[in-house]
Each structure stands twice: as C-alpha cells, then as structure tokens.
Amino acid sequence: MVQLTTANRLASLRTAPGLRERLDLPRRVVFLAAVSMIGIVTLLLGFIAWQGIQLFVKDGVPVGQVFSATWQPDATSGPTNYGLLPFILGTIAVTALALLISTPLSVGLALFLSEVAPRWARAIVQPALEIFVGIPSVVWGWLGLTILVPFLHDTFRHDFVISLPVLGDVFRVPGFLTGFSWLAGALVLSIMILPTITSVSFDAFRAIPQELRTGSLALGTTRWQTIRHILIPAALPGVLTAIVLGMTRAAGEALAVQMVIGSQPVLPRAVTQPIETLTAAITLDMGNTVFGEPWQDALWTMSLVLLIISVASVVLVRLINKRRMAL
Amino acid sequence: MHATATYPEPVLRRVKVPAPIALLGAAEAPLDESTTKIATEHVSIRYGRFVAVRDVSLQIRERSIMALIGPSGSGKSTFLRCFNRMNDLIPGAKVEGQVCLDGENVTDPDVSVVELRRRVGMVFQRPNPFPMSIYENVAYGPRRRGMNGRRQLDELVETSLKRAALWDEVKDDLRRKSGLALSGGQQQRLCIARVLATEPEVILMDEPASALDPVSTLRIEELMRELRKAYTIVIVTHNMQQAARVSDVTAFFTMAEDRAGYLVEVGPTGRIFTRPTERLTEDYISGRFG
Amino acid sequence: MSASTTPSLHLRGSRRSILADRAATVVLWGTGAFVLLLLGSIIVHFGIAAWGVVSPSFVLSDPSDTALGGILPILWNSIYMLGLTMLIAVPVGILGGIYMSEYAGDNKLTEAIRFAEEAISSVPSIVVGLFGLILFVDNFHMGFTALGGALALTMFNLPLMTRLSEQALRAVPQDERSASLALGATKWQTIQHVVVPLAIPGLVTSIILTAGRVFGEAAVLLFTAGLATPAHYDFTNFNLGDPASPWSPLRPCTTMAVYIYKLQSEGLGIYVSKVVDGSAAILISMVLAFNLGARLVGRLLTRRLTAA
Amino acid sequence: SSSGSTQSAAPSSATVNCVAGSITTAGSTALQPLIDAAAKQYVAACTGATINVQGGGSGTGLSQIAQGTVQIGASDVLANSKLATPDADKLVDHIVAKQGWIMVTNKDVTGVTNLTTAQATDIWTGKVTNWKGVGGPDLAIVLILRPASSGTRATFKKLVLDGANEATGNTLTEDSNGAVTTAIGTTDGSTSVIGFAYYQDPANAGKLNGLQLDGIDATTANMSNGTYKLSADGHLYTLGQPSGLTAAFLDYMMSPAIQNTLIPAKGYGPVVH
Amino acid sequence: MHATATYPEPVLRRVKVPAPIALLGAAEAPLDESTTKIATEHVSIRYGRFVAVRDVSLQIRERSIMALIGPSGSGKSTFLRCFNRMNDLIPGAKVEGQVCLDGENVTDPDVSVVELRRRVGMVFQRPNPFPMSIYENVAYGPRRRGMNGRRQLDELVETSLKRAALWDEVKDDLRRKSGLALSGGQQQRLCIARVLATEPEVILMDEPASALDPVSTLRIEELMRELRKAYTIVIVTHNMQQAARVSDVTAFFTMAEDRAGYLVEVGPTGRIFTRPTERLTEDYISGRFG
C-alpha cells in the first residue's frame, strides 16, 4: 500500500491530453442527444409556422379574420370566412374541463399509490395505468361513442334546472339532446390523460425523502396533514409538470375527442352541447382537402394556433412555478 | 483518566468550571418519589425474522431523563421508536409485548398514534428540517393542532428557538431563510425547536447531539435538565459523558453474539458508571473512559 | 390509569384533523378503487367482446375479407414498429435525459431544450403525421414506409422519453453522486455505475410509457406508415431492400391501432366487429405483456447492477 | 350479395394480364374496400405483383398522385374541383365504378320510407326539424353530417340539396361510415347519408332504416342506369397515361370479372355492362 | 474535571487501561521532520455573497493527523471540502486563494479533479453507502480505476473492511446484504472501508465518528493512528476528546460575530488543548471540558 502511495504521488494532477478528450466525449454525446430535441422541434415548429401563415401570405386572408366566429371554408356555398374562434374556445373549454376532472383524480391516485396503497394494490394499479397509455385513441373514441354518449343521453336528457321560489330559475343547463357534447369529449380526454398525470405526479411524491414524512408524523400530525402540508408543497413543481404534460396531451388529442364531441363549430355554451376543437376540425378535414388549397392552409393555421395556445399555457405554468419556488 | 490527566489540567485550572450537572440533577428529584411515565413489559421487536430488541422490560419515571447506551446495532433506536410507534412506519417491523404511557398500552390498535406522537415527541439522529422557512418549520406542529393566531405563534416560535439555542443565529431571517440552508448543527437544533413547539410530555432523542458542536451540545444538555422539570426525556447517545452528565437513569443494551438487542442492565446513572453489576457494561464503559 | 393526569390517548386530540384524515384515507382508497374498477371494466369489456374470436389461429393467420381472418401481419407490424421506434428513441432519449439531469447548467440552452420538449408534446399527432407525409413520403420520396412512420413517431416520442428519463435520473439522491465522485470516479463513471443503475426502475417506466404511445398511436402512422390491410408476409424473405419482405424498413407498415381505426371507420363484412374486438383485446394483452416483460428485465438489471 | 360469391369468382391467371412489379394506390376511403378486394384478387392470380392499397381520404389521394408519390390516386370527386388547374391537367381519370349513397334514419323513425328531393332539402337545410313534418313520428330531427370537405357531403349537397347550405342547429359531425352508423344507432331521431356499399354490408343489415329518394330504391342497378340520382363516379387518377402494372391493374378493374361480379357484390355500381 | 473525579474512578481502577494514544502518536513522528503535504494560502470560500471561510492559510504535514475544530457553522466542512474540490459540486460555492497538494495548486482549472479525488479520499458526516451489496460498495472505487481481478478485489475488500472494523459483522453476507441494511454506525464504517479501498494519500473525514458507538469509534481512532504511518488525515470533529486523542495538530475555527469562518489558531494538539494563545480557543475548549 505504501508503494502504491508513492507511485501515486509521482502522478501529476494535470490531466493527460488524451484523457481530457476521453472525459469529455460522453458529455458531447449526451449533449448532442439533448440538442437533437431542439433540431426536431425547430424543424417541426418551423414547418407548422410556415404552413400556418400561408393562409395569410398566400391566400391573402386578413389575420383578424381568424378571430371571428364564422367558419365557412367552403367556397362553393358562399363567401369564405376562416373564423377559428369556435375551435379555439372549444379546445380551451374541453381541455380545461378534462383537467378539472382528471387532475384531482390523478393526483389523488398518485397519492394513493405513493402514500396509502399497500404493496398489492400498487402492484395492480401501476401496470394497469400503463395499459391505459397503450390503448389507442380510436378505441377510446369507440368506447365513448358506443357507451358514454348513449349513457349521457339516456341518463341526463332532461334540462337541469335549479329553481328558487321567488327568483325563479337561477341555474339552467339544457339536457343532452344526443349525448355528443363538450362533457363527453372532456370525459374521454380525462381518462386518456389520467395515466400521464398520475405517473408523473407519483414520481414527484416518491422523490420526497422519507425523513420528511417521519419528521412530520413524529410531530403528531395525521397522514393527511403530512400529505397536505409537507408532501403536496414539496411535490408541487412535479405535479404542475404532470398537469402541463396532461394538458398538452389533451389539447393535442384528436381522434377520440372528435368522435364524441359532436363537432359543431359553435361557441361553447353548455357542457351538454356539441362543440368542436381545433384537433377535431383538423382530423375531419385534413384528409379530404388537398395540399395548398386555402381550406387546408386554414387547417395548418389551426395547428399553429393550437401550438401557440399550448406553448403559452406551458410558459404560464412555468412562470407560476418559478414565482412559487422563489418564495 | 490517563489522557485527561496529562494535558488539560492547566486550562482547567484557569477557566470557570460549571457545576457538575449530572449528579446534581440526579440529586434534585429522588427517583422513588415520582411516578412511572413509561413502562415496557417484555418488549421484543423484529424486522421480519431478525430480532433487534429482545424481551425488554423497564420503567421510566416521570420528569426524569433516561439514557439508552450500547454499541452500534444493539437496537437502541429501534427500542426508542416503540414509545411513539414510529416503528409502525417501517414495513416488516413488529413489536411484541406492552409499552405503557401513563398506564395505557400504546401498542393497542385502538390508540390514536397521532395523539400518542403529540404527547411523545421525537428528535432524530439525522436532522430532517422541512423545506420551508425556519419559522414555518417551528410553527408546523402547532399549526396542525389548530393554532393560528399570529401573535401566539410568533411567541411560541421565539420561545422554542431560544430554548433550542438557535434564536440568535436565525432571528434575522426567520421567515426568509429555508431550514435546509442551515448547517448540520443548526438544522438539528431547529428540529429540537420544532418538537418543543408542540409541547409534548415525553421527548425521545436519538443521538440528538451527534451533529452538534460542544457549545450547542452543552446548551442543549442544559435545556434537557431544564425541560426535565416538566417533561420526561429518553435519549439514545454514544457519548458516555453526555449520558453521565444529563441522565438520571441509564440502560445498557448489548450486541454480544446471540444476545443482540438484550437489555443488560438498567440503574441510576451514577451507579451504572461507577459500579456496573454486569461484566458487559463494565467492558463497554471502560472502553470509553480508558 | 387513575394516576394519569393527562387525558386518555383514545379521547383527546383534534377530532377534526382525525376525521379529515379518515375522510382523506377513504377518498384516496376510493380513487384507487374507482380507477381500478374503470380499468377492470374496460378489460372485462374487451375480454367478453373478444371471447370466441381470439384463438391461436386468429393470431397466427392472415386477414381475410370473407371469413374470420387473422391479424398476423398486423401484429407483426406493431412489434416491428415498436422495435424500430425504440431503437432510436430509447438510446437518444436516455442520453438526452442524462444531459438534462447531470450536465445541463441553469442557462438559456437548458431552458430552450425543456421548452422544446414541452412544445412538441402539444403538437397534435395528426399534424406530426402530416408533417411526416410531406417530409418523408413526399419530399424524400420514401412512400409509405415503416421507417418514415418510425421517424415521425420518434419526433413525437423522443421529448417524452427524454423528459421522463431526466426525471428518473434526478430522483437519484445527491449523496450517491457525491460519494462516488469523492472516491475518484469520473463524472461519467458515476453516471454509468451509480446514477443510471439506481434510476433503472424510473427508466423502465419511461420506456413503458413511450412504448405505450407507439402501440396506441394511429394518427401519425395513418399518413406515414400507411393505412392498408397487409396480405401475406413471407417471413423467410430477409432481403431488407425488398419492399415485400416483412423485415424491410422500407415497406408500408400498418399497425394494430391503424388497423382498428381502418376497420372501425370503413370496414366491410360481417366479421369486422369481431376482428376489431379481437384486435383490441390482443393489443391490450400485448401492452400488458410488454409492460410486465420490461419490468421484469428492469428488476433483473437492478438486481445485477446494485446487487441489492 | 353474399360475400362468398366473390371468392368463387376469383379469376385464374389465364384470364388476367399479369405484370410483375409493385404499385401503391392511395386516397378515398369510400373506394378503398373495392380497390383492396380487386387488388387482392389480382395479386392472387399474378405472383410477382404487389399492390398496396392505402386510404387517407380523397384529398390525400389527389395530393399524392399530383406529387407522383403513388401510382393511383382514388377520389370521390373530380380532380379539378380540388386541385389547381396545372396539377389537375396532368392527371388522367379512370372511372371504374359508380358509388352510391343512401339516406338512413334511426330505427325509431318509423313510417318514413321515402323522401322527395324537396323533403330532403327541407330537412337538411333545417326547414323541417321534426319527423312529423314528413309524415313520421313526433320526434326532433338530428342531422348527422359528414365533414364539410368530404366527398359524401359535397356530392349530396350537389345532387340533392342543389347547393343549398346544411342547417347548423341540431347537427353533429362524424367522420366515417362506421362512426355515422354507430351514431345513428344510438341517437333518437337522427338521420344521415352513408355509402351504399356500407349500408348494404351484411354486418349492418337491420341496424338502420334506408330511405328511397323520390320513390326510387337505392340499388346498384338503379345507380348504373342513372335512375337513382344520389350516385357518382368513382375516380382512379394516374399521373399521365398509366403503364406497366398500373395499366394492367386498371384494365383488370374494367374486366367483366370485376365489373359484373365484384363491384355489385361490394355494393358499387358497374360502369361497363 | 469535576464530573470525572466524582464517579468513574472506581471503574477506572479495575479495568485495563489502553495506552494514551493521543500523545503517543504525537511523539512517534516529530512534526518538523516530515514535509508539507497540503498547504492553503489565503483561502476564502463563499456561498454566493456569504463568506463561510475567511482567508485561511495553514500547512498540513505529511503523515500527520490534522483536526479541525470549532463551533457549528464555522466553516469546517466547507474548508475541508476544498482539499478535494468537492465544493465544485455546490452551485454558488466559490473558492479563492491557493490549495496545494504536494506543491501543486489543486484549484487550478487544469487539474483533474478525478485524479485529485483519487488521491484525496473523503468520509462524510452522514453515512452514504450505495444501495449495492457491501462487497460492491467497497469494490466500487477500485473497479472504477480498472481493477477487475476477482482475487485481487476480494483481498482488497477484506483488508479494507477489516481495517474499518466491520469485517466480522458483515463477512457472512458480504455479497447478499445491501449496504443500506446496516445500522447507522455500520454504514459509516462501510463508508470508511470504501475510501480505504481506493488507497488514497490523504483522507478527509467530516465528523466520521458522530454516528459511531464508542467501541467502534475507538477502533476507528486506532485505525487512524495506524493509517497515519502512510497517509495524511484531516478530520473535522466536535468531539474534543477525539481531537485530543488522535490528532497531531489542531486548527480552531470560530463563528464569533463578523469573523465566521476565521481560523483563530493552529498548533500542536497538546499545546492547543493546554496552552491556547487565543482567548476564543480557551473559551471553547474549556466549555467542553468544564
């Protein structure tokens, strides 16, 4: 051992030139892998952006027109008008409702799995969730179409009204005429994004050191208090990331939503009524239009708008997160 | 005391010598006059099939300090955790026998562990502050019990931090600085303050001072003596001097082959350190002081 | 007991917090049960629907218009597509995750990469499909090919894979890295021998989730890998340049999800609904088998690498 | 129209002009089942020939053939109604079959078996919103539309509605024959237009009420002889004059084996008698 | 030595007293004959704008043990980490001044930190074994240096574990038991074994014994004396007796207002504990021994 020590001492601390290279190689490789993301995204976003502005550049549609409410792309039946407002609001409406339904369920499930579930329950639920991800959206759409839509229609076909003696009807939601609706779309979506939100939040909860749990419990707090006041705040950045991932997934989902939402380009009013999303419109019309015609250009503009909405909400959530972390 | 005799003498002559608190404490409250706070009867604790604590019966008097000593792996921490049922959280850990707090068996499944842990606070070997401000760390327990008044909390936080000898160092960024930004020693004192703020009856400490510097350690030891007037304290320590200084009663656990987790001897601290009845205890203590 | 001056352990304490805790426990269990029930009923639904359809011959024979045909070529295509996609996405995704978790500083580039990951997951898959159609099918004159499909899918999946890997790697405690570095291991050795092995369960999850999207994706593949009913495959034809060879990446490749989509939207014949139900059941079992397999491999790897 | 007959009618290689090679068709999902079946028969007869039958929609078919990435582009509509003139002019149209559509209703809509063009127009433009108005039960009408860009909708609008715009009130939109059929099955008072081939498929027998148009039955014979007006040509486009396998396959599509047997069996109208 | 004088006497008379290693060690190798292994010159270390270590210059002789003592938060750990550049890993930490190992400035950006850390091993305050088998934990460092021979590794693992006084307890499930399944004390000893297996020249120890029981602590201290024959050791400790027992030279850091991270005094251990020149040192030491 003494010998080894002596030998070591002679070794200079300066890195041999070849070694430096070797040490840096992995860094370059992983750097390239990460940066490839930027390449892909630039390509894709550039493409969408380029296609998305063709409606204005090539077809001469005024930019303001996309914020109008009338969608009339078909030149054969009157003057065209490319109003995307119903789709934009529809996308926001369906996504928001889906998140509203899915977030408590998913975060609850993540908490259940990480804090409450006995080993056997976890062993069942976790693989089960991963199967959810592998079920094609067509299948979800089909289940929605054959089970959910008739169910909603049969169960809630009458108007839902809250009446007060003097004030009269204070709240009224029309019943489902058909079952194809905002709500149906949101329900299907909320199931589809449930595994994403759950698994990412689950990881966030698991990453919290055990010492924090024991520390809190030893102070005589209940498990719920520990969850509420220690675990949720500590995992919040992770949970918000999960919600963002779920949100973008929901906003971008097409086939399943389109099958159950009714696809009527009107402004969203009641959850029982059909509306249409950007993705639904893209899915319905993309295959039937040809490349370069104004109609398809308008569909590309929809993709661009969708992208802008998603990116904006990603940025918003990030800002909120940053603000919180600073506290 | 070979080593001590050789070099610290000159210093000791020159500095102010505090009162020998260990024996003073023991004298203050004669053991027989107080009542039993905690009693264990035939407690054995297993991890799966491994027995970490074997058939331990002992009593801890109210308003006294009990020190658990013994070699590493002898089950001290495991035993300590059965007083507030923290072993419940360890998968595979199983406690047999009775652990009574004020005569009530806390191992009873009907017992509210939350209530139990409020009454039996715990300070861990590794400091584990929450990732919140210092203030929120200390206010955490009281808040969970429903204390919300700003004034009341402020006061409680200040008192607790002062008692844990941390106030002076942190008072300026109480609400801005995270508990995690403190040094190891400061973190541990914060954890002690956090427990004090919940005003328990019993405080369990698992090597609370192993990360503290001597000055803070002394302060904490003083505080323990102070707390002893109202609370019951059980401390696991490797520092035999600490055990000698602060505790009234010392229990010695062993790890000798096939007897791991066995309670060898328990008795007044003075006697354990001067006239242990068991050979094992003597060997252990002398190894320390030799 | 009579000597006790403090209230009983059974009685004292904030009833409200205890009740809240009970309620929360019930709610959390309820959530677990609800999701399990939901999934259970979906699986049972397909189980019942596929009863009498799925048989060895269903799995192992070619599709037919006039009888209850099989799904062999389509099943093969799904597996092939999965392999091809994962071949690109897994290594690049994990390496990217390593960069993001171990090397990336707190700078603009990191922000940009993270932003890119999130931005791309918000692109609807049909748009990615059309992008693939225009880029691979038209501009590169590849036609409808498995390779084009896999590349388009990778664009879609790589960010997810990277993101999930990064998270899995980040979950490894800092202590472990310090310990390894202090022992004179290089950063890369630390990553290789401590960080990655400890992150294996998380990495397996990210592979499973990414694979799930490959199994389930239709919209991207409709326009890139093709929407057709493949006929007979000659598995002894290993000529990779031959578009008729099932091993060739340069052939159309209709996967299970696309096939289901096709049958449900325009399929003709009395057997269509049976084939759909059978295919869905097979697809779900395939996902399940893949997940279990991946977990098993992950566990074996963990055991080998950490000897825990 | 048992599908078994198509099997027995499969020609032998003796009667088929076999050319080896590999081609791809893409486009109309309405024509896809027909082309697919014909391609299978051709390939079965001719070893060495591979025919890939892709879907994607008429728009995709036209785009792809104009780009030259496929050999045959299938479309429900005329190329020049979609493509710009220079692109459309390069394409050669091969009309291989008549496709027909049929108005269908939910089973609850009893007592309505025939609609006149005027009645249909009233219903689809929203003038009549209850089945009472056309002699049916007291039931609100739910229109299930196809996407505005679809060939089905464009054809219906042209041939029946005479270009009038569809109602926007009580409507839904579904993308495919399969989805429309399911939606009608589960939605009271609903009506739509689906491909005849799909309607007469044995799998869908009895699920929907098919309606006469102006008193004329939707049959392949009536489509071919022009008496049933809701029918149109199915177009297979090539980029320039076809050659090789493409030409052989298009010829095969026009052969009696296909025109007399497969086409009616699949629910399309023959264009050659 | 009031407390000691009062009660441990009887025991001490009866047990075998080990040699007083502290002074024995110091006597063995006169300081002036060995050369300087590590030298720091005007080292200051900041976390962002907070200065944790202020302008510290000192030399550490080869084959000696240097103890860093001082109150919690005085920057001992921070200072220790600059010897093997572990501060590089802490975002915001900035080291100024020179730290020389065998005359080479290790803060130079050209220096290979990997090589440096191989030569300067470290044992942490909190035991941090890898979640691998005990064997793999110890074999980790050697494997990374390319040692792969089964025999060679087996031997090295055994030697290292024996030196860390852990061999007897773990030899039976070396390859099956995870390092995490050990008790705190065992874990720390495993971490020490792990460092020894990489055969460094300098070993940094940040309160290595704060989680160890006295018996193991003594063994480790003996080991340190043993290692001192070939290695240079720097230890941070709160246990002044430990510092006195094992170290040749002691450096005292302070936390007094506005002087946090300031090196008050450094000198031969015997002198620091008996005749400190600074008032601050005296106060601190006497607080301990009072």
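By letter and in written order, the chains are A, B, C, D and E; residue numbering begins at 1 in each of them.
Methods note: contacts are C-beta pairs under 8 Å (C-beta built on N, C-alpha and C of every residue); 3 or more make two chains touch, one makes a residue touch a chain.
These numbers were taken from a predicted model, which means no experiment stands behind them.
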{"item": "Partner chains that chain A and chain E have in common", "value": "B, C"}
{"item": "Any chain in contact with chain B as well as chain D", "value": "A, C"}
{"item": "Whole-Å gap separating chain A and chain B, where each centre is the average of the chain's CA atoms", "value": "50"}
{"item": "Length of the line joining the C-alpha centres of chain D and chain E, rounded to whole Å", "value": "84"}
{"item": "Multi-partner residues of chain E (each touching 2 or more other chains)", "value": "114-116, 118-119, 126"}
{"item": "Sites on chain C at which at least two other chains make contact", "value": "17-18, 21, 186, 264"}
{"item": "For chain D, residues that touch 2 or more chains besides their own", "value": "29, 56, 60, 67, 175, 179"}
{"item": "Residue ranges of chain B in contact with chain C within the complex", "value": "35, 101-104, 106, 110-112, 114-116, 118-119, 144-146, 201"}
{"item": "Chain B-facing residues of chain E, complex", "value": "1-4, 6-12, 14-18, 20, 22-23, 70-74, 77, 125-126, 169, 182-186, 207, 210-218, 238-241, 244-245, 270, 273-276, 282-290"}
{"item": "Chain C - residues contacting chain B, complex", "value": "1, 3-6, 8-10, 12-14, 16-18, 21"}
{"item": "In the complex with chain C, residue positions of chain A that touch it", "value": "23, 26-27, 29-38, 40-45, 47-48, 105, 108-109, 111-113, 115-117, 121, 124-125, 127-139, 142-143, 191, 194-196, 199-200, 203, 206-207, 209, 221-225, 227, 238, 244-245, 248-249, 251-255, 278-279, 282-283, 286, 291, 303, 306-307, 310-311, 314-315"}
{"item": "Complex interface listing, chain B residues touching chain A", "value": "84, 86, 89, 114-119, 121-122, 124, 126, 128-132, 140-141, 143-145, 191, 194-195, 198, 200"}
